[in-house]
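Following are the structures in question.
Two complexes, one shared chain (subunit A), two partners (subunit B, subunit C).
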Partner chain A sequence: MHAVFNFVRGPMAGIAFAVFIIGCLYQMASMWRLARKKDAVVFHYFSLFYALRSIIHWMVPFAALNMRRHPVMTGVTFVFHLCLFAVPFFLSSHAILFKESWDVSWAWLPDGIADIMTLAVMGACLFFLGRRIFLREVRYLTTVSDVLILFCVALPFFSGFWAGQQWPGFPVMTLVHMISGEILLMLIPFTRLRHMLFFPVIRGYMGSEFGAVRRARDW
Partner chain B sequence: MKKFKILPYAALFSVFLLAGTMAAFAQENIEIVHDAAFENQTRPPVAFAHDAHNEKAGIDDCGECHHAYADGEKQMGDDSVGMECSQCHYGKPGQGVADLIRAYHLQCAGCHGERKAGPVLCGECHRRR
Partner chain C sequence: MTHRPEQPYEIISDIGVEKGAEKLTPERIREVIRRYLEEEGGARLRVYADTCVHCGLCSDACHFFLSNDREPRFSPAGKVKQALLPILRKKGDVSADFIKRATEIAFTECNLCRRCVMYCPFGIDVAYLMLFVRRLSHKLGVVPQYIQDTAHSHAATMNQMWVREDEWIDTLHWQEEEAREEIPNLRIPLEKEGAEIFYSVIGPEPKFRAQLIYQAAVIMNVAGQDWTMPATPGWDNSDMCMYTGDEEMVARLKKKHFETAMRLKTKRIVMGECGHAFRSVHDVGNRFLGWKMAPVPVTHAIEFYSELFQSRKLRVKRKYDIPVTLHDPCNVVRGGGLHELARYVIHETCSRFVEMHPNREHNYCCGAGGGVINCGPPYTHKRVVGSRVKAEQLAEAAAKGARVVIAPCHNCHGGLEDIIKHYGLDLEVKFLGDIVYASIDKEG
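Right, the complex of A and B next:
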């Protein structure tokens, strides 16, 4: 138990952060190289103004036509992504772990609010799963990896909630939480979760082409 | 009219007062880790049986936990018994409550991790009742 904890809390956390950061840098560099090779013209018409215009429009709920066409999906996905980012950084236990390890600290969320946000993440994962099962046009595009990724995202939240509530078996669940969280972090650069990195790049690309070349909107 | 008898109540009150005072001053068995600086506790307080813990852990020197520092150096043979942790680890410029929490966690869970004995997970110390 202590040996596993010490490893997961120490070296494995370091490895997970390193793989995440180096993996992200590698992905961005290879995307850059690919663009240079296949679509070099984008570097000429890239415009920071139109890039930011597109990024901001796609970060505001219901600001794009496609979001207004799918209001439920839009609502769920915005709540999901907000909670997905906020809880890992602003949960009191996590903030304290950052403080312990690196002596940096920031304000944290009340535990009750963080609990609700965690439930929201899990609820949204169920919604996405249901969508993949019951919507024909989505089911058609769904592969096993889509379902596995949803599971990988939900597991740290599920086990973290369990550990936080101290339900039976919570010590093991705490270890499951730490390990699944670290695995998820390492998966981000190498699975479709890298849309986290590429979202601004793709929107910047589209925004530049639509704004600076076609003189049109891309939202 | 029945006369109000104060003596039995006074006696009973004295017994509680005495018991309370003894409990407060007895260092034999601290039930809960207490620090006045924790006004609003985020997590449940930590149960801690002082003597049983030290016997099990083989700690004889008070200064091992109640450490005393001067100019960043740990003072061997000196201790800080009777002081609250927050007197050094909280309230100085640039220090927040997170610094006090950090001091407690590194002191307790840090030692447990090194010795591979005792609780290290959040919920193992901060037990919900």
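Right, the complex of A and C next:
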């Protein structure tokens, strides 16, 4: 158990970060190369001003009409993504690990707040699952991998919360937490989670086309 | 999770699709698809297809989805799932029946209006993906017969409606003669080299809406414009090949069009009120020719009328006093940002204006655009049923007093007329040019 723990905390964490970073760079580079070869149009029409105009409108909650049409979904989505990024980076126990491993440190969240944010991520995952089950148009589009991805996102938060509360079996849960977190990190470049990478790219390109060529809004 | 449509659908019989599909073999389908993906399946295709998180938020953008009681298979992502994803997943191992169904979806259940781009959080361009499927259908020779016929006409005559060269010239002379009854010294100048403006129209104008050429000639003459029309092929700015996926023909057509403007040494092209032609000339055809923007400046009629009013070259004699509403055509509004200029012209020429909701970039499509109406009678019923939200939007404007819908686009005209007839609405469809013509002081 101890050996496994050390492996997961040491080499596997390094592998996970490496796969994540190299995977993301690979995805971006291969898309860049493919676009250069077959979609030169993307570069010719790219406009930084209109790209940012579009990206900002879609990064600000309720700035786009469709966000206002779905206020609950919009609220949940923004809280979900905010917590999804903030908790792993600003959790005190993670900060201690970063400090111990790489001697870097930054401000961290009070544990009570981090707990609430973790629950928010899990609640949001349940909400997304509910949409996939109960909304016809979402159910129609949903594939097995969509549900699995949701599970993969929720698991590190669920197990991390369990471990953090030191509930029964928390040492195993700590292990589950670390492994699932590392798997999630590695999945990002190779699954639909890469929407994280491509959101600014697509939005920026469409924003450029809409703004510079079509002289219209896209939100 | 079910992957099958929740409601059964009826395959519509279309001779172009049927006969084309009969000639397909699994080997041919696979070979064509693999070559197509290899040659043309680029980063946009991959990123759009892989990034969609299946959230369904695009659904509310689509009039087909909203009008068909929120039937999931009509949502934009639902159409991508049915028509495109199996092609990518199976790398071309799909049946002829699949190609028929994918063709029907891409050609007749999506108007390529791009409203869903404004509803997708990522901005995934479903119109691009549907056009990708259409081009595949074109390469496989499985295209709805009516729209393929217009594409054939483009290839053979360089216009959409099989108009012969002598018929074109004759129609212009005929309209000139008619208009001279009203303005005795009116001219429709043919082949005037060095004129300021090359006025271009779509094939259906000489074919069955010749009065629009008459009206344009009156407006040009009253406003004292230095203009001309060519006596040769190249006069037609329309482009159904853009919608059948025949990109080689798009390039031929636009080359002819721009070269005609250059041969006549005109400073710019002013277009009649057409949406898809504007998309082709302003945004699509130029790209296939390697021009970032059109090589000759292009002005849509809406912009042109607004220029003439702003510069006081046109003056209003008596405002049009029947209450009007405005339908914002996708291709000139979401595709050209001309919505405020259209409203300016309406405020200049009309005394009562009722705003339609939603409007501007968020307006609902007429159901006819993107070549859907050009797929012909086999699909008319499906098209008007898929436009129920448009009918409700029109009915709401009518309830507020509107009696006339101004639609500055030919396809929108056809689509709205069908909707008005099917749903029994008390509205008449007019072009902006009809209103301008009716309201201006023709004595200058």
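Definition applied: the second predicted complex is superposed on the first by the 219 of 219 C-alpha atoms of A that agree within 3 Å, B and C clash if a C-alpha of one lies under 4 Å from a C-alpha of the other, contacts with A are read in each partner's own complex, and residues count from 1 in each chain.
Simple rule for what comes next: a residue touches a chain if its C-beta (ideal position, glycine included) is under 8 Å from a C-beta of that chain, and two chains touch if they have at least 3 such contacts.
What you see is a predicted model; the values in this text were computed from it and never measured.
Colleague: Following the superposition defined at the top, how do subunit B and subunit C come out on subunit A, clash or fit?
Modeller: In the arrangement built by aligning on subunit A, the partners subunit C and subunit B fit side by side.
Colleague: With both complexes overlaid on chain A, does A:Gly14 touch subunit B (first), subunit C (second), both or neither?
Modeller: The answer is neither, since A:Gly14 touches no partner chain.
Colleague: State whether A:Trp58 touches subunit B only (first), subunit C only (second), both chains, or neither.
Modeller: After superposition on chain A, A:Trp58 lies in contact with subunit C alone.
Colleague: Which of the two partners, first being subunit B and second being subunit C, lies in contact with A:Thr142: first, second, both, or neither?
Modeller: Second partner only, subunit C.
Colleague: May I ask for the angle at the C-alpha centre of subunit A between those of subunit B and subunit C, rounded to a multiple of 10 degrees?
Modeller: 170
Colleague: Name the contact category of A:Pro71: first (subunit B only), second (subunit C only), both, or neither.
Modeller: neither
Colleague: For A:Ile96, using the defined touch cut-off, is the partner it touches subunit B, subunit C, both, or neither? Pick first, second, both or neither.
Modeller: First partner only.
Colleague: Looking at subunit A, does subunit C or subunit B touch more of its residues?
Modeller: C
Colleague: By the touch definition at the top of the document, which applies to A:Gly130: first (subunit B), second (subunit C), both, or neither?
Modeller: Neither subunit B nor subunit C is touched by A:Gly130.
Colleague: Given the touch rule stated above, what does A:Val213 touch, subunit B (first), subunit C (second), both, or neither?
Modeller: After superposition on chain A, A:Val213 lies in contact with subunit C alone.
Colleague: Upon superposition of the two complexes, what minimum C-alpha distance (Å) separates subunit B from subunit C?
Modeller: Across the overlay, subunit B reaches subunit C at a minimum of 35 Å between C-alpha atoms.
Colleague: Given the complex with subunit A, which residues does subunit B contribute to the contact?
Modeller: 42-43, 96, 98-99, 101-102, 105-106, 112-113, 116-117, 120-124, 127-128
Colleague: In the complex of these two chains, what residues of subunit A are touching subunit C?
Modeller: Of all residues in subunit A, those touching subunit C are 31-32, 34-35, 37-39, 41-42, 44-45, 54, 58, 64-66, 69-70, 73, 77, 131, 135-144, 146-147, 192, 194-195, 198-199, 201-203, 205-207, 210, 213-219.
Colleague: Give the list of subunit A residues in touch with subunit B in this complex.
Modeller: For this pair, the touching residues of subunit A are 2-3, 5-6, 9, 92-93, 95-96, 99-100, 103, 105, 110-111, 163-166, 170-171, 174-175.
Colleague: Which residues, counting only subunit C, touch subunit A once they are in their complex?
Modeller: 1-3, 6, 40-44, 46-48, 50-57, 59-61, 65, 70, 72-73, 75, 77-78, 81, 117-119, 121-125, 282-283, 287, 292-293, 333-338, 361-362
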